[in-house]
Amino acid sequence: MNNPAVAILIGSDSDLEVVCDALVTLEEFSVSYDVCVLSAHRSPQHTVAYVKTMEKKGVQVFIAAAGGAAHLPGIVAAHTVRPVIGLPILTKALGGVDSLYSIVQMPSGVPVATVGINAAKNAGLLAIQILALSDRNFEAKMRLYKRKLTKGVQEKNAVLQKSGWRKYSNT
Amino acid sequence: MNNPAVAILIGSDSDLEVVCDALVTLEEFSVSYDVCVLSAHRSPQHTVAYVKTMEKKGVQVFIAAAGGAAHLPGIVAAHTVRPVIGLPILTKALGGVDSLYSIVQMPSGVPVATVGINAAKNAGLLAIQILALSDRNFEAKMRLYKRKLTKGVQEKNAVLQKSGWRKYSNT
Amino acid sequence: MNNPAVAILIGSDSDLEVVCDALVTLEEFSVSYDVCVLSAHRSPQHTVAYVKTMEKKGVQVFIAAAGGAAHLPGIVAAHTVRPVIGLPILTKALGGVDSLYSIVQMPSGVPVATVGINAAKNAGLLAIQILALSDRNFEAKMRLYKRKLTKGVQEKNAVLQKSGWRKYSNT
Amino acid sequence: MNNPAVAILIGSDSDLEVVCDALVTLEEFSVSYDVCVLSAHRSPQHTVAYVKTMEKKGVQVFIAAAGGAAHLPGIVAAHTVRPVIGLPILTKALGGVDSLYSIVQMPSGVPVATVGINAAKNAGLLAIQILALSDRNFEAKMRLYKRKLTKGVQEKNAVLQKSGWRKYSNT
Amino acid sequence: MNNPAVAILIGSDSDLEVVCDALVTLEEFSVSYDVCVLSAHRSPQHTVAYVKTMEKKGVQVFIAAAGGAAHLPGIVAAHTVRPVIGLPILTKALGGVDSLYSIVQMPSGVPVATVGINAAKNAGLLAIQILALSDRNFEAKMRLYKRKLTKGVQEKNAVLQKSGWRKYSNT
Amino acid sequence: MNNPAVAILIGSDSDLEVVCDALVTLEEFSVSYDVCVLSAHRSPQHTVAYVKTMEKKGVQVFIAAAGGAAHLPGIVAAHTVRPVIGLPILTKALGGVDSLYSIVQMPSGVPVATVGINAAKNAGLLAIQILALSDRNFEAKMRLYKRKLTKGVQEKNAVLQKSGWRKYSNT
Amino acid sequence: MNNPAVAILIGSDSDLEVVCDALVTLEEFSVSYDVCVLSAHRSPQHTVAYVKTMEKKGVQVFIAAAGGAAHLPGIVAAHTVRPVIGLPILTKALGGVDSLYSIVQMPSGVPVATVGINAAKNAGLLAIQILALSDRNFEAKMRLYKRKLTKGVQEKNAVLQKSGWRKYSNT
Amino acid sequence: MNNPAVAILIGSDSDLEVVCDALVTLEEFSVSYDVCVLSAHRSPQHTVAYVKTMEKKGVQVFIAAAGGAAHLPGIVAAHTVRPVIGLPILTKALGGVDSLYSIVQMPSGVPVATVGINAAKNAGLLAIQILALSDRNFEAKMRLYKRKLTKGVQEKNAVLQKSGWRKYSNT
């Protein structure tokens, strides 16, 4: 897409498996997006160039996913005035605590809007909530989505009440 | 203010000391805001009522600060489609790790945009970055702010280079 | 059941697998209970309504299970004067430390009686200990249960002594 | 008091400074209680004897406070069928995480109702919530207490709204 | 054995799988021992009785293994003047940090000699090092054991040098 | 002393403030000891030489205190067959968790008997418990010490009962 | 090799599986190296002897890998003036946090250049960066390597752009 | 200095207080250096420009100090082939664990040689050890330094032996 509303940066292509939940969510809301493999450490210049280009092309929100010394979201935030959503990826050794601390503990002046470890869907939803501020269409969809969330819980509960927990937990 | 752009919820008035950095920042950008002491556990109904009222009044972004089992940001997020910024407050026993986990590890469907422990200024800046998407005035101010940030670092460095680190560290 | 003694709230139906240990325990003690899938964030109003209704129906103890930013027990506690038992669910990334902190570190004024991570049986037993204060029948059963616990350890030890540890560890 | 409703055990007299919040709370609700310095490790036999005697005297709820390898609540729970509330004390080295884990992670069969680190008032309130199940007087007081909690938040907010946050934070 | 030198207490028979490394080690040094399943919380009186009986029978060293709120080693230490070795068992949720803190952070006056998480062999070796102080036979065996440890490393290295690391890592 | 029973190694003279509790305890039991400032990293050869010399001189137990990457206890254990007690020192950044892990998580074959963070008195007592196995005099003193511990708790409790907790906590 | 530039010490042969990434990297850069199984605790004298011999033979950089109470890198650093790279190995119980703290938190005067948990390739690359300071050949290769890193990211991105993320994540 | 051997980057001038130990150490070894306040997030372009310029000017080693989401060392490493030493700064909330993880857990391909939290002197010494590989003068000084370290420990021990620990700890 030429003028995407959201740009998603992935530090390593192995993170795509997690990040795809964000992409699916954006598609469900018909949000235009661009997704790119870019590394804060291995391709730093391309990362900076991409952020600047995308900001000029009109990107409203950035999502950056990274694990370990997860610098990607912070580096994006350093080069744009747009809100940056940081998505910490689960790590084998430290469970993603390293990713979380590296993303959320940004210095004063350069915030990153951090979501939970591997919480890619929430990264997508937060981007849409931000876009919805200037797009009534997205806002309406988001209200619908929240009602569906509620309904989903209620439907599960209805099945549980009807079948009993023993039967439910076997399905 | 009658139709503030940002609503700030404080779980305890003892958190005001931290949160005031966010308020000062919003004022510096001339962002209209409303600040309220409200507790997810001690005044849950008022909290929900406040969130709903504020959303109707046109609030664009919520900031919620809380420490310990810091439920306030999540509860706000449960009752609005607006983006919610969560500000974890430093705690005596656990250094704010409890606040951080309680805020950032939200379930799928209900994101909270979490900033660093006690990072109130960044909470304010993130709110402004979001508002700037639909207000060119804020965007211009934010670009200016980022340039000032850069300049601030350069000026400190210039003093350091001129005076030498021994003299600098004594001032 | 129309007037259950215990109400169990599950934040996500995926937690049922853990929680069933509590349900089995309640059944073993012939404690009437009601179990419900309800989310503090996805169906907040139903959660509050359920808590208030159940309190009026005579529920004596609430058990709430949740993982991650586990707000459910705290939200239940905010809306009832009954004792609330919080059951932190094991999480993939953080091993349930996030759930534990989010549940146990409640603010002053609104306690949650927290049991161990995934300790569903203990949640059930704690509920029964509380009910036993006003029901001699439950108290007698609890005394019997504790004797059985002791006997269980002794029997295992007797087998170990008889067979020797090598044989024992192969069975 | 001869037949107290609540028995409070303190592992070390240095913990009294924290625990006194629980005692004050019990007094505010006119709950009869007994408080005792007893150590799971330094006076184990007296601890067991005390628990058994108190249970016979009609104690309904035990509160046990301890820090570090905080075994006291678990040892109380091993010797009574009454609900035991565990209060983890803040520690200098580990911030009370050691106390919390030692108290909350009890084995299956012997629960301890754990409250937050140094959350003595909540330990007292939880005891009263339990007692209130069989004493309408306590229940009424607890409802009143919760309304006061709400009112307290509202009053603070009213002052904040009236004076503005700058003035408020200076007082 | 009637008058064992070492008594090993296991909080749960599921820990036997780990503890057997200690038992094998004791056998390799021909140390007489007694192993028992006993719970600090489920069979507290038997635990205390066992410790006192064993001390009278001449047990020199106790080894106690436990996981979670691992009180067993501390309770043993509370009832004997003999050295007590604490063996923290790996736990699913917290990796054994809970076990470690519960065992090592004992209050002043009642030490537990703690070894690493799941380090059963080291628990056995430490017991033998203590016994060796009054038994030249054990001391000689321990010196031999340490030489074998060194030799074992050297032999592995010799194979590595000869075969090269690629071949070595395939075997 | 020429033939001390216990040798205490201190990684840094700044740890002496903590370690002195161990020394006082040894003196109270009339245990002969030698104390030395020696570093595993800054004076490794002297450390090894000291350990070997002391073992030859008849030292029965080593106590080694260290903070941070606290290698000293492990290095002592590598060079002696005697039991080595490791004392982790509180650190400013990590609260002594670094010291604890570095000391307790020893590899298979080379145990260190670890006590709590800054638990110097317990290090001394553990040494005496070990010495008491071959010295009835120490055993008698240790039994007396444990009775005094119990008595100390009882006396504090007696004062508490007499004066009431309010008066007690003011003294 | 007789005069290797890099010496790699492995605390346990089970760590070879991780360390081989460092060895492969050194070979890719044609760096001469020696690899040895040596234990700080089980073969301390051989370790010291090896370090001293290797330094005399002209080794420029040491790499030491260890897990748990990972003393090996620190012990190497204690006996050489050459830079020592510490490689913390992932541990089952604590995820390698024990290894990391034991390696990185060295006392003042004796640094260890620590890389990430299990980051063997980075240990190798760091060694080569150091060697490159006095060998223009290595420097040229390192510049090439960094360009390849960048190119690798770009190529992955090119495939992602061409195929789309759905197709990409299925391959 | 025009062609310094070492370049030190400080993320915030508040870190200078810690970093000065590195500077003093470099001066003691007569190592030429340049020190600069530069931020990975607030002045990213100047940071990159500085790194590239300094590499061209012949800087051999970079030292970068940062706290929180401490990206500075990683960003330096992304733009140079020279070895980069990362110095994690102690943080108020998390004790520097955030800084440590953000610095040490770098992705494969871009190592940072990490020293301990606030271990500025060790950062300086590591730089000198690296420089000493191509400068016999530095190597000689480093050998002398290590001997002085040893001597320092011995002298402290001598005073301790002479005065006794009671007198020593009072001075």
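Labels A, B, C, D, E, F, G and H are assigned to the chains in the order they are written; within every chain, residues are numbered from 1.
The criterion applied here is as follows: a residue touches a chain if its C-beta (ideal position, glycine included) is under 8 Å from a C-beta of that chain, and two chains touch if they have at least 3 such contacts.
Nothing here was measured: the structure is a model prediction, and the numbers come from that model.
Two copies of one chain, chain C and chain E, form a contact in which under half of the residue numbers belong to both partners.
Averaged Cα coordinates give chain B a centre that lies 36 Å from the centre of chain C.
With centres defined as mean CA coordinates, chain H is found 41 Å away from chain E. If you average the Cα atoms of chain C and of chain H, the two centres end up 51 Å apart.
Each of residues 39, 42, 68-69, 94-95, 97, 104-106, 109-110, 112, 116-117, 149 in chain E touches at least two other chains. Here the chains touching each other pair up as A-B, A-C, A-G, A-H, B-C, B-D, B-H, C-D, C-E, D-E, D-F, E-F, E-G, F-G, F-H, G-H.
Interface of chain E with chain G (complex): residues 90, 95-97, 116-118, 149-150, 152-154, 156-157, 160-161, 165-166, 168-169. Chain D makes touch with chain F in their complex at residues 13, 16-17, 20, 23, 35-39, 42-43, 46, 68-69, 92-95.
Only residues 11-12, 39-42, 44, 48, 68-71, 74-75, 77-79, 91, 94, 97-98, 101-107, 109-110, 112 of chain C touch chain B when the two sit together in their complex. Those residues of chain A lying in contact with chain B across their complex are 60-61, 81-83, 85, 100, 104-106, 108-117, 119, 121-123, 125-126, 129-134, 139, 142-143, 145-146, 149.
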